[in-house]
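Both complexes below contain subunit A, partnered by subunit B and then by subunit C.
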Partner chain A sequence: MVLETILYLIAYPPLWQVLILGFVGALLVAMVAIWFERKAAARVQRRIGPYWASPRLGGFMIIVADMIRYVTQQVIIPTTVDKIAFLLTPVAVLVVTILPLAFIPLSPHELYWPVASMEYSLLIALALTTLPPLLTVVLGWASSNKFSVIGSLRESYVITAYELVAVLAILAPAASTLSFNIVYIVEAQQPVKWLAILNPLAFLAAFLAVLMSTSAFPFEIPESEHEVVAGPYTEYSGILYALNMGGGYIRRFIYAIIIALVFLGGWAPYTPGLDPFTGFIIPSLIVLVKASIVVLVMSFLRAVYGRYRLDQALDAAWRLALPLALLGLGWSIILAYMNLI
Partner chain B sequence: MEGQKLQGMVVRRVEKELYEVFIGPQHPGSGHMRIIVRLDGDVIVEADPDIGYVHRTMEKLSEVREWLKPIPLLERMTIIDACNITVPYVNALEKLMDKSPPPRASYLRVLLCEINRVASHLYGFGIFGVFLGHSTMYMWAFGDREVFVELAEILTGARLTHSYPIPGGVRRDMPQDFPEMARRAVRYMRGRLEEYRRIFVDNPVIVKRLEGVGVISRNKAAELGIVGPNVRASGIRYDVRLAEPYEVYDELDFEIPVFEEGDALARTWVRVEEIKQSLSIIEQAVDWLERHKGEPIIPKEDYDKLPKLHREVYEKTGRVKLLPAHATMKIPAGKAIARGEMGRGEIIYYVESDGGTTPYRVRVVTPSARNAIVFKYIVPGHRLMDLPAIYGSIDYFPPEADR
Partner chain C sequence: MPARVSLKSLKRRGGLFEGIKSNIQALAVGVKYFIDPQRSTLLYPKEYIEHRPGYRGFIVFIKDKCISCAACARICPSAAMKMVRVTEVDPKHPDKPRQKQYPVINYQRCIFCGYCVDICPTEALYHTPFQDVVYESLADMFLTLEAFQLEPGRPSVSEGSPVVYEVDEERGLIKRRR
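Presenting the complex of A and B:
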């Protein structure tokens, strides 16, 4: 009885998904993304990049060493900050960042879903992804530092411009499949009717919007080092800074999972079985691999581009990305109308 | 109180709508200086360059050192452009002493000057790249700069602080295999410039950041007295190598790249073109040096004074071992002005001698000191994110300005 309960608890999918996949998986992916970013940039820049920390692993352990450093570093709390907000916001950012995972199915079977119903999962997951930037604004305000305030202001400009694009572009698949259910959207893309191929406009808009809203290059504007030091995170140190930085990567990863599901066919072309291995582990691994590819492509852009100016980025949002997203949405409706999917 | 001037201070009314940001001196984007920026929203209303954080009293220190010793001292102003900054000082001394270097020494100086110029521009590119968030340009430029730093090391024995020219000549002849190495470096750099163009100068993001930003019109450039690549990007054809050729620049075949736009992009292009011209000068100098092997690198009267041992070292290895008498030499009383073109622009030395063993006065006007004014008059009206773009494009080097 007790054993069964424990087993049930351990095998309970929501626990797996949010705790194991959410925290551990996201942490691991963030680490790999950071490592890859450094290693790929080093390759482009004719350097070696991380190496001596573990020559056989290509220097991957430097990331672990960095994390140990962050954890053990002194957390400096300036006297001028709003202490409660200053301390709580980074934690809240991380929690809110991981929350969308609760509404993201990684398998077609109800048994392996984190919540019982996936009926409006895409809508809810998207709504939750828009929360962390608001907290970033709080973060900057709580720091009461000029660079933080400018950084937060930039962040708020950026989210007004790009969250709309992100939401519109990522909702385009819902328009073409006539459902907010991610499972349904994925199944509709079986085997290779991926929406990234059928609707490249929306995919491109979504990709751009995610780059922008997670401040990846070439849109790394709120944290732009050469005017605002570290933007909203200027006053942070130690573990709190690590939470902020890691939060950004994890957010990008969660967006990437959503994109992998709704645009890149999720676990398609694989048809999941019923048992835990073929029904949950293989499909979720497929999704993770697709999401990782998206994250790695985003990371790679760092080596190629500089950063846009704030007004140019906003200009691109309203003049280029928004029409692109609207066109994508229109094209999805045409797809649905002509029964192409 | 308003407008009242206290000693060394300006009293300003606190404006509610303006946001005052102190960029520097402890800021990743400032260098060794502070720029006080007053913002109205995202637009810079006023920018106040606050320089002097790395002032090292170079001029005063020069007055208490024997004539040769300011050479290694003055190099430290712009350690990345060491030969260009010492050649005009040596020229001034030569004017006072009425001495002129043999042509081979002159060619060697020019060779090192151009190697320095390439390295200095690459350094500027690296900083510029990282200011715009382009880490690849940063790493590439610093990596390729290494080629020229090594070249300088092979030639002089030191990576940065060469102390190469001495009054009347240079301290070392070039090694036998140097021409081949220099030609290889030139070939390599020409190929790399094409790659730079592809990833940085023609990169759509970078072009968007630089085009029309920090425009210095022709008139404004003349009025502010800006020098170097910055003035040539504004359509003014001014280069000391052209205006008042020193060393053997009048014997060499090179062009002065001039652009009309006056914006940050034009300044970037001027530097790219200048690197090309410098590469061509390096080739010409090396060719000449190869054709004129075995010519002296110090004047005959100096050679005659050398003892036997020193002569042997000089003839065998090409190294000039200076006599103690050199360190304590006296220079006839008089005044001399010498100019030179550094990587960043025109440098002027005024050297005065009272006939003693040390200079009576050494006055230096460095290009960065003259370019610093851009911050005050060109930056206002731009957005905060343009500040690094302008800073990087004028290639400002604080230690050089502060002396």
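Presenting the complex of A and C:
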């Protein structure tokens, strides 16, 4: 009885989905992704990577140590910055980054949705994921530093090119299932009719676009260390910098959740029950695991690819990724026409 | 007047098929190394390299053989070795103290070239077969005349296991445990 009440309390959607999965889960996934990125790159490059911080955990504690360092560092506010925008935008970025999670269903039952209707959930979630880069431009401008402005400019170039590709490619499932409802899209993919298998072009385009637009590591064109010091985040230090840096990982994680739902079948091989444990917590954990795998594969690419210049990245966006996304969209229309899904 | 920028564009090599193929090849190499890593990092205090006997490591000084010619200090290319003047008891005239010069070494500067050992006319300097330049402070790296005459300790030997580096035909430089 008591256990059941606690379970119902935990499965209260705003608590479980936005606070526990959103903040804590995203933080954990970001930490694991950073650790895995360093460790995988080290393995491929014949090094060891983080080790001495905790040899038994493979050096995972170095991430915790880094976080403690960021939290306890002095926050320097230069005199030339626009103070309100400078201080508030990193926090706003984090909040806006988590926000799409409120419009993503992680369970087929209406009881466990954070909002009442999921009819246009894919559109709303996608629209909300495109907000944080605008705030990145704002904070680069507020820093009033030449590197920040150049970094913001690069960010705006990259997002104009790749957000378009991401939105087009992630909307392809909506075209093939004739619905913007994520629950309907996931249920259409039961049990293994996953859209990543049926429509690999759109999946590849979405993967590429997310990798580029969230500036995953070899493609961190806006904040590239070798060219512009830290891009839009040059003037930031301490916890504000950590918020900015973590924001990118959390944004990638949110995108990965959307990709896991619409392309990788969400909770697909599993049919959720009705009670909070089998109906909400297990499906959401399945989605979390799939999203983490997407994030880790993205992190692994750091070890393989080299850096792209801005013009090369934009060239690849307009000449390669956009046609790929359009082809994927066309392919999903064909899928819908032939009643394959 | 702003500088005129001219963009240089290279002709694309290969077509779409070539691009897909090379990307897949790169990913395959990455996955191969990820599954079977061929690491060559030396985990320092837990492992140490066993060098061959003629290795030019730390330099040890034998005071009794030294004739104070200062050839070692003069040949030193990085000016790591210096002569110090010490007052000591003359064995022939015990009642009369004499002044003599002896070399001391600074491991902040030493490049372990071994010229001082080669040039010493009385073989008063010799190499140890190891070179663990690990000190707690920079000041410890200046050896005094007394410390220069002792063989330096090697903390990694007491803690770690020996390894050797070998060149493999296929895998390149590899580390192997003894």
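The criterion applied here is as follows: the second predicted complex is superposed on the first by the 328 of 341 C-alpha atoms of A that agree within 3 Å, B and C clash if a C-alpha of one lies under 4 Å from a C-alpha of the other, contacts with A are read in each partner's own complex, and residues count from 1 in each chain.
Keep in mind that, in the parts below, a residue touches a chain if its C-beta (ideal position, glycine included) is under 8 Å from a C-beta of that chain, and two chains touch if they have at least 3 such contacts.
On a predicted model such as this, the values are computed, not experimentally measured, just so you know.
Overlay on subunit A: subunit B and subunit C clash in the combined arrangement. Judged by the touch definition given at the top, the superposed model places A:Arg47 against both subunit B and subunit C.
Contacts of A:Tyr233 after superposition on the shared chain: neither subunit B nor subunit C is touched. Using the contact criterion defined above for the overlaid structures, shared-chain residue A:Val304 touches subunit B and also reaches subunit C.
The partner of subunit A that touches more of its residues, comparing subunit B with subunit C, is B. Applying the stated contact rule after C-alpha superposition, one finds that A:Trp194 touches neither subunit B nor subunit C.
Judged by the touch definition given at the top, the superposed model places A:Pro218 against subunit B, while subunit C stays out of reach.
Within the superposed three-chain model, A:Tyr255 lies out of touch with both subunit B and subunit C [touch as defined at top]. In the superposition on chain A, A:Tyr70 makes contact with neither subunit B nor subunit C.
Of the stretches 80-88, 98-106 or 116-124 listed for subunit C, only 116-124 runs into subunit B once the two complexes are overlaid on chain A. Taken together, the two structures place residues 44-47, 303-305 of subunit A in contact with subunit B in one case and with subunit C in the other.
Interface of subunit A with subunit C (complex): residues 40, 43-48, 51, 300, 303-305. Of all residues in subunit C, only 26-27, 29-30, 33-34, 37-41, 43 touch subunit A in the complex they form.
The part of subunit B that touches subunit A in the complex is made up of residues 19, 21, 23, 27-29, 42, 129-140, 143, 199, 203, 205-206, 208-209, 383-388.
Interface residues of subunit A facing subunit B in the complex, by the touch rule stated above, are 41, 44-47, 146-147, 150, 217-218, 220-221, 224-227, 229, 302-312.
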